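Next come two complexes built around subunit A: one with subunit B, the other with subunit C.
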Partner chain A sequence: MQVVVLLAGVVDPKWRLGTLGLRPGTAQVEDTALPRKLSPFDEAALETALQLRDADAAVTVTAILTGGAESDGLLRAVAAFRPHRAFRFGDAAMSLWDPATAARLLGAAVRAATEAPALVLMGREFGDSDDGVLAPALAEAEGWAFCGLAHRVALRDGDILLHRTRGARDEILHRRPPAVVSITNERGNRLRHPLMKNVMLARRAPVEVVAPPTAPPPALALRAIAAVPPAQRGGAGRVLTGPVAAQVEELAAYLRASTTGAA
Partner chain B sequence: MHDLCALIPLGDPSVADPFAAVAAAAAIAARSGGRVRAILLGRVPDADAIAAAERDGATDILSAAHAGLSEPPQAEHLLAAFEHLLAAETADTLFLLPAGAVGEELAARLAIRLRGVPLGRCTSLDRDGGQVTARRASHGGRAEARLTTQAPRCFASLRRPAAAPAAPGAARREIMLDCPLPNDVPPPEIRHTAGEQARRLEGARIVVTGGRGMAGAEGFALLRDLAALLDAATGASLPAVDAGWASVGQQVGQSGAFVTPDLYLAFALSGTAQHLAGIGLNARIVAVNSDPEAEIFRVADLGLVAPWQEVVPELIERLRAR
Partner chain C sequence: MSADLIIVGGGAAGFAAALEAAEAGASVLLLEKQPDTGGSSAMSGGCLAFAGTDMQQAQGIEDSDDLLASDLRELGGGEADDALIGAYVSNQLATYEWLKAHGQVFSPVLEASSGQSVPRVHTVDPADMVRLLAARCRATGRVELRTGASAKHLLREDGRVTGVAVLRDGVLSELHAPRGVLLASGGFSRNPELVHRFAPDCAGAVFIGGAGNVGDGLRMAWHLGADFRDMPYIKGTFGKHPTDEVNDHSCLAVYKGAIAINQDGHRFVDESLSYKLLGAACLKQPYGAAFQILDDPILRSGDNQVRILDFERRLEEGLFLQADTLEELARQIEVPPEALTQTVATYNAAVTAGEDLAFGRRHLVHNHGALVRIATAPFYAYPSTAAVYGTYCGLRVDARMQVIDVFGAPIAGLLAAGEVVGGLHGSAYMTGSALGKALIFGRIAARTALGNAGG
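Moving on, here comes the complex of A and B:
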């Protein structure tokens, strides 16, 4: 059973974005100088794939990281978890802003891994520009089944079993392969640590790169991107000092004043 | 110029504010003109839903009912029914769906099925001639992107705008649908989570949230006691969910619930952009953090520089004594 996990990485959230912008004359984001990490959802999707592999010898895991050479360090970090195969797909110029184009490219990436994918896993958000469109867009573009925001995945008799939480209800869904599943973070899918031995091996191994097909001009054009200051919020910004007991008394009074009439 | 049409799935309590899409469409129309259509889709005709859509500014309401829909409806069924309803749609249209897991999945899938452009969750949308301009948050809310398209059909999800224009009154039409719904996707097994999510984050007037600094499930148990005293919902930052101290449904932020309480009590969380992205701008934030340099104090109405261990038990005691 072929499991493909698609990874995008994000700019390290602790890093300042001051230099973020478009490459002059293009619709491509210039962020190659900023350090990259796997996002929590990349990590959750990768761990989910590794657990499926650990549970079933018939599962083959291919990990695909999108991006250019700036992502090679991240690909090596992924390879250290010993998926059956790991490759980088694309180049720094590949833009995933137009979902229809992105879905086509991601479909090609999956096909570069296998002609018969059973399960494609990806994070609930794919990289820094996606808010959850790309996974369902890929499923629709390929005619594959879809489940969004799962946090636990199991394979049973060729069927895919998915746990997810929606509002106040927990759901267990069944999907027949091939399916795209987007993964959200949970305690059960926190990424394990790789063996140091495998980290060293991955550091020396060559990086496999698959070139993307040429994409048609996107219907949705990225015109500008820039860092923005934190949203303005009202608020007194009063920070209490002094003995904690007095601070707590003041907080209690604040809460009483805020909640009278409410309860 | 693109028409505006809100697509409203009914019958799923996890869609916290289905008519947000109508209000968002009305706000766009107030800026750039045009009528605001709303298509409501549910298992049975719903007079309350029609009234709500009208209140939020719809001028043409189509209420469509399909007896084959379950409650809550399956995404695949909603997709088939909306696809059927939109088949006759020829005019250039900007379709709006309510922000949240359900609306966002529907927007993305409908767009690809109907060869439109999915715009994702937008912070603002403008139409000018044949062009649609969308603004979206990226990089965890630390950056903003501006995107344009000439595509005739666009699909976006939006949150309820801060200010609502006056509702002009609506023309209403009701239809019963009997288009085939796919029967190859089994319905989910549904379990209602007990206890801790009894109070929904969305819609709560007070939210009590814990972060990584809570350092364990015991601290979260105390936060739940505090929340019970305040009739508040309990939330968590991503690391707290990862640690298993709170459930996935309690995550607040860019990648979790968007909450709009009056009061947001933040314990032992640092106040990253990704977390603040899940808190409405009108919420007053109260922060308790042992680090006086914590970012959260920059956005707090009231801050306590103290370890939560010295604050929470005592606060509970004082509130009990009131």
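Moving on, here comes the complex of A and C:
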């Protein structure tokens, strides 16, 4: 059974995005100087694929990382988890802001892994696309089944069992392959740590790159991109001063007042 | 502003020295390059090696200056400076009492760790300890702290160090102090070029430490002809998870009875040795990495109040691999199953027979604790490599913390304390002696500075 996990990575959130912009003369985002890592949802999707591999010797996992050469370090990090195959798909031109175009390219990426995918996993916010629309767009474009926001996946008798939580409800859904499933993160799919041996072997291994097919230009042109400055915080807090007993009294009075107000 | 003494570095050594000086009536200018104080001290395991304390007595642990000195000497492999061991030992109990008197609270549990014949790890929250010392300094009204102030070089008049040139907000200025300059600027674990120069064998190690630990103090004193100690003995500390970036501290399940195996499934060292020696042995293994193998009773014998022995938290964080059989554990860590089962069987037989023919291990740690078998499921593996947390080597000082030059003469007006100082540890390292020397040597250096008035 062929399981494909699509990964995009995000700019490491520990870094400031002060220099974000487009490469001169292109519609490609210039973020080559910024270190990339897997988002928590990418990590959950990868761990889900690894768990399927561990549970069933008949499962073959292919990990595909979209992006340019700046993502090679991240691809090595993914390869250290020893999926059956890991490759980088394309250059930086994934047009994530245009779901229809991006979905066509992602379909080509899956086909580069296998002609018969049973299950395609991707993080719920693939490539930092907070709207979560890429996974259903891919399913729609390819005519595959879809389930969003699953946190656990099992394979049984050729069927795909998906666990997800909606409000207070836990659901178990069935899908017939092929299916695209977007994964949300949960304690049970926290990405394991790779073995040092495999990290070092992956560092030395060659990087496999698959070029995307020539695609028509996206319907939506990207004109500019900029980092949104972090929201200014502050104003509401106040440090109590004076004798401790007086501070306690003031704090208690404040809490009483706010409780009463809430009721 | 003018101050009696300038201290470079706002970690445990710098603040201990500043507090000691301020309590003696001196004014102090403390320079910290980073925006925040704490340095490597705040990131450390919070272990302090004290001997003969009331806590030990209350728990029936017999320890003394003599036993501490002999452990330090034995561990240093003949390379440690006896004068510095003497300075540490004869001032340690007073420093413990001084810390307590300033309101420092210790974890109630005492542990035996690297290089200790008896449990003498007194554990604190190290970031809180530095904050406490900083607050006590503030309360004296005699210590001015300047953050973002980077000392660039030492200033001398008539051969005596009288100040530093300091870069702050892009402006280079000269600061002078009649009692001289005390370097408490830490080591150089965050300077790969310097580490490589002195310890090329550590290339495979993980480097951790305060971001400012790039050897500023070492180089400033080097420029004036300072001598060095212990430079060949930079070693990584065993027990750092090689691929986890969240938890910086080493985990020493071996000191509770685990064995260390390499990727081939074989033991490679007497696991009771100092974790620096374990680190060096680990880096020589395939992929520079190893696994600590333990069973459930050993895991449960951890101590969640001591970071290096806190196994429960690491289990919750998913850092231990777990299996119901050794064969399954071997599969998870990609070690040949028959090699792992054979290694554990041989080790268990050695424990029962009371003789470890392979590596001569006799205790859990150093001379403490009886060995235990690894026999009760579930079994666990903790991936481990060596991490260079501190450089444990550096400027040669005398027992009064005066920096000594390459011809054996003190550099007038220049003192040093903490990680920038070499000579105490020799070839290996006792848990708690690095943070201990920060406090103890910091206080000694301050006293020396004030005793050496004028000049």
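Definition applied: the second predicted complex is superposed on the first by the 234 of 263 C-alpha atoms of A that agree within 3 Å, B and C clash if a C-alpha of one lies under 4 Å from a C-alpha of the other, contacts with A are read in each partner's own complex, and residues count from 1 in each chain.
In this text, a residue touches a chain if its C-beta (ideal position, glycine included) is under 8 Å from a C-beta of that chain, and two chains touch if they have at least 3 such contacts.
Not measured: the values here are computed from a predicted model.
Once chain A of both complexes is superposed, is A:Val199 in touch with subunit B (first), subunit C (second), both, or neither?
Touch status of A:Val199: second partner only.
Examine A:Arg190 and indicate which partner it touches, taking first as subunit B and second as subunit C; both and neither are also allowed.
So A:Arg190 meets both subunit B and subunit C here.
Is A:Ala33 in contact with subunit B, with subunit C, with both, or with neither (first, second, both, neither)?
It touches nothing on subunit B or subunit C.
Given the touch rule stated above, what does A:Ala103 touch, subunit B (first), subunit C (second), both, or neither?
first
Looking at the overlay, does A:Asp130 come into contact with subunit B only (first), subunit C only (second), both, or neither?
Only subunit B is touched by A:Asp130; subunit C is not.
Figure out whether A:Ala236 sits in contact with subunit B (first) or subunit C (second), or with both, or with neither.
First partner only, subunit B.
Based on the superposed arrangement, let me know which partner A:Val244 touches: subunit B (first), subunit C (second), both, or neither?
In the superposition, A:Val244 touches subunit B alone.
Does the superposition put A:Ala69 against subunit B (first), subunit C (second), both, or neither?
It touches nothing on subunit B or subunit C.
Give the label of whichever partner, subunit B or subunit C, reaches more residues of subunit A.
Counted on subunit A, the partner with more touching residues turns out to be B.
Contacts for A:Phe41 in the overlay, against subunit B (first) and subunit C (second): which applies, first, second, both or neither?
After superposition on chain A, A:Phe41 lies in contact with subunit B alone.
Do subunit B and subunit C touch any of the same residues on subunit A, and if so, which?
Residues common to the subunit A contacts of subunit C and of subunit B are 190, listed in rising order.
Where on subunit C does subunit A make contact in their complex?
Residues 241-244, 263, 286-289, 318-319, 333-334, 383, 385.
Along subunit A, where are the residues that touch subunit C in the complex?
Touching subunit C: residues 190, 192-200 of subunit A.
Please give the residue numbers of subunit B that touch subunit A in the complex, ascending.
12-16, 72, 75, 101-102, 104-105, 107-109, 111-113, 117-121, 133, 136-151, 184-186, 188-193, 197-198, 200, 205-206, 230-231, 238, 241-244, 247-249, 251, 254-255, 262-263, 272-274, 276, 281-282, 284-286, 288, 292, 297-306, 310-311, 314-315, 318-319, 322
Show which residues of subunit A lie in contact with subunit B when the two form their complex.
Result: residues 10-11, 13, 17, 20, 40-41, 97-100, 103, 124-125, 128-133, 136-137, 139-141, 145-146, 148-149, 151, 165-176, 184-187, 190, 219-228, 230-241, 244-245, 247-252, 254-256, 258-259, 262-263 of subunit A touch subunit B.
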